[in-house]
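Before anything else, here is the set of structures, which you'll find just below.
Look for subunit A in each of the two complexes below; its partner is subunit B in the first and subunit C in the second.
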Partner chain A sequence: MNGVDVHSAQSQDAQAPDTQWPRWEIFKQDTAGKVHQAVGSVHATDPDHALLTARSVFARRPAAVSLWAVREQDIFSVTREELENGQTLPGHSGEVQSYRIFGKKTHKRSMTFVDELGMLEAACPQAALEAARSQFGDELLAWWVIPVSAFVGSPEDAETVESWFAPAKDKTYKQQSAYGVVGKHVSERNPRVKHD
Partner chain B sequence: MTDLTSEQTQALILRLTVLADDELLLSHRDAEWTGHAPILEEDIALANIAQDELGHAMGWLDLRKTLDGSDPDGLAFRRGPDEFRNSALTELPKGDWAFTMVRQYLFDAYEALWQDAAKASTHTPLAQAAALALREERFHLQHTAAWVERLALGTPESERRTRAALQAVWPYALGLFEPLEGEQAGIEAGLLPDPTQIKARWLPLVTAHLTRCGLTPPGAEPVARGTHTEHLALLLAEFQGVNRQYAEMTAW
Partner chain C sequence: MTATLKTQAAETAEQHAAFEARIVRGEKIEPGDWMPAEYRRQLIRMISQHAHSEVVGMLPEGEWISRAPSLRRKLILMAKVQDEAGHGQYLYHAAETLGAAREELVDALLSGKAKYSSIFNYPTESWADVGMIGWLVDGAAIKNQTMLAGCSYGPYSRAMVRICSEETFHHKQGKEMIVQYAQGTPEQRALAQDALTRWWWPSVMMLGPHDKDSTNSGVMSNWGIKTKSNDQVRQEYLNEHVPELLELGLTLPDADLHQDADGNWIHGPINWDEFWAVVKGQMGLNKERLATRNAAHDDGAWVREAMLAYGERQRAQAAD
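Right, the complex of A and B next:
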């Protein structure tokens, strides 16, 4: 064999630099009275870029009045199973700062997984989590604890809000569940056939 | 609605056609990136822009229809290259990402300013359509301005490509502001914005942004509207192909 070193090629592949841009988790507020909800993520070079792409990806048609972006490494997350297994969040006590608390309440919804629950002050993510569990109930499937300082938000001036979010009101938008599924025409003709 | 003289109607029809033709072709060039953009998020974002521009073109052609009864589909799909009134800026091939973003940025700035001025049109349907389109155009402008900045101040490679793009499109962008034949009748009646006033707002706006990005617009003479390149016929062959192939279709 000449020149082909499989092991070396594999290890190089494993060490290949990550060429993806940083990943940002996006939170969308549907209307002024509602909380922000996690809707998905985008890759972007910087906070402004993350918000611009998030607007195109998540708010071209769905209703929105505000977007937040947070870099993935600024999110401290833990699931109920992990908590039961004794997992904790970083606990180095530091400066008391504000954290936003998010929780996942159910597996049953198709689109949104994690809702904003509220804000609290704590000296570290673990302390914030403990306070959140007593304040917001302990029945959640997953917790996200995020320093308020990690958030960037879409512009709030009236002209930009209109420019980013008003056009969606004139566009047709349906959740994917609103579209027919394969075989739906059969079940409509024959009520005994069930397609869920 | 005010009664329009024949000269005013002609001025409106021509400007609406010019607006629609620019947006149709630019929309097509942007759509050519679908599935090929540098990253998925930008693929979606540019497809959004392409759809918006296509929607604006439909809006302008629908307005024209109220003036002369013309068929928007007929105008879009069954005119030849010599009948299109677009600026050559919008027919140039999509080039690289820097070319697409620089062209779109200069065009978005022009469009946003034109629509902002047209909100004051004494032709109420035009004022309303301009106000609607402007909302989306402002967002396009933010997005493309951000890209010009990141490319120009990014790597030596992205800077080189951005400079080359600006050099190439600048003369065409200047041509966007040439008054159309007979347009003065519409301008004097307050029906249409004066393109020379749009240019007086556009030039400092884009020059300031380009300067912040370390770029200098080249000295160049405008390429007049009506000057087409060999790329237009090929673009139309693709853009119009399906419609022309099924000319007997009555509904799409």
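Right, the complex of A and C next:
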């Protein structure tokens, strides 16, 4: 686990009345080979707590193999509208480090927000964003730029993956697909409601 | 975080026009995008009420976990109640993206300041209520939530897509149970009928006041938050559920219920005095629900303190 300094982060937010635990954004990978996607956030006292809470909240079903968590203040986010209005990300050049880039591609209904697009090296979040825009396309609707060092992840050994995530698909009684359509289905005979 | 709420610089007509054009184009509004302060306010109001309803929604059914008639039913009910807790969390998260603090929202629920769905102030008197709640209450909720899954605010829409998928399990397990009881022994059949008689009207009411009496509906629909009216959603609910309940030979407690020329099921007059009395806590179990929620919160205090102490020790050890 990396050494995220929770206390200094909290003092930066000193003006906020929020005395609750820090907020972590959660990324879920559904199956091996797929990218991680932002699914929502949890409040937690430490990285392990964040990941365990994330498992209960976001991986009850249908399937997952890996979770990542990142403290909210480690995420640099910008929407297309903000970019059009000239907003930039922090640009103080520092040491070159690796960033993970996430983006949102469509307005379609979805359970997830931004998808992992890839990694790149840059000296600051703004430089990472500019590189990402040329590398991954300029038409995305929202961007998240996150230093790789800010991520904590669920254990990757097969046994832990099994014990964390198998119940999501093995407990068939909590899958809607385990229940046949009971009775005649409505669409066969019921009128469409007029929406005018 | 609340700084975002206070930043209500004058909104220009130009900003409003650009925002409404985005809604018309079917674009999702995301955290960071410009939005009218009133859009933000309405969403926080609605999403937090929705979150509170999920949290309180655990209570009427949770009472029956220890009394489930079989292991299968117990597992199903535990999974369902756990889902409701998760739904509360998804929704508090969505409200947080608008600048609300989860802690403040939770405090508003615990102190009784916040509203939640009136349906959860009705008592669960028999085991069959668990099935009837799944079929009717979750059935009505899915109609509303499917509509909200198409709403213009990205985080709310995404929470709804996830919730609808899980609520479909709740709906189906309830329907399966009631179908079984309605076709079972006379005693099971009587239980199913009794549960239907008590839950029918509350489920019809929970979709909210008639359109003509609904104060927020204009702005909510113009900004793509609600894309159907209360009465439209109620009609969808009736058209799906009435024929299926009748097909089981159950009796709906509405002498005026009939089908119109278009095939829509039309209900008789709704007792709105009861609805508002339950919303305001003058009728039903509002006090008991809040007492239970507060007791659970207080009982969990030592766990929260231990988590915090553990987290601090981990950080101290990492720093050494």
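Criterion: the second predicted complex is superposed on the first by the 155 of 196 C-alpha atoms of A that agree within 3 Å, B and C clash if a C-alpha of one lies under 4 Å from a C-alpha of the other, contacts with A are read in each partner's own complex, and residues count from 1 in each chain.
Everything that follows uses one rule, which is that a residue touches a chain if its C-beta (ideal position, glycine included) is under 8 Å from a C-beta of that chain, and two chains touch if they have at least 3 such contacts.
Please read all numbers here as calculations on a predicted model, not as lab measurements.
Touch criterion met: A:21 reaches subunit B and subunit C at once.
Of the two partners subunit B and subunit C, it is C that touches the larger number of subunit A residues. Contacts of A:175 after superposition: subunit C is touched, whereas subunit B is not reached. Look at A:57: by the touch rule set out above, it reaches both subunit B and subunit C.
By the touch criterion defined above, A:35 lies against neither subunit B nor subunit C after alignment on the C-alpha atoms of chain A.
Once chain A of one complex is fitted onto chain A of the other, the partner contacts of A:43 extend to both subunit B and subunit C. Once the two complexes are overlaid on the shared chain, A:166 sits against subunit B while remaining clear of subunit C. By the touch criterion defined above, A:113 reaches subunit C but does not reach subunit B.
Looking at subunit A, you'll find residues 21, 42-46, 48-49, 56-57, 60 touch subunit B in one structure and subunit C in the other. Residues 21, 42-46, 48-49, 52-53, 55-57, 60, 159-160, 162-164, 166-167, 170 of subunit A touch subunit B in their complex.
By the touch criterion stated above, subunit C contacts subunit A in their complex at residues 1-3, 26-28, 30-34, 72, 75-76, 79-80, 82-83, 86, 89-90, 93-94, 96, 101-104, 149-150, 154-155, 157-159, 161-162, 165-166, 168-169, 172-173, 175-176, 179, 228, 232, 235-236, 239-240, 243-244, 247-248, 262-264, 307-308, 310-312, 314-315, 318-319. Considering their complex, residues 39-42, 44-45, 48, 52, 132, 135-136, 138-139, 142-143, 146, 150 of subunit B touch subunit A. On subunit A, the positions that touch subunit C within their shared complex are 1, 3, 5-7, 13, 15-21, 23, 40-46, 48-49, 56-58, 60-62, 77-79, 81-82, 104, 107, 109-113, 141-142, 171, 173-176, 179, 182-184, 186, 189-191, 193-195.
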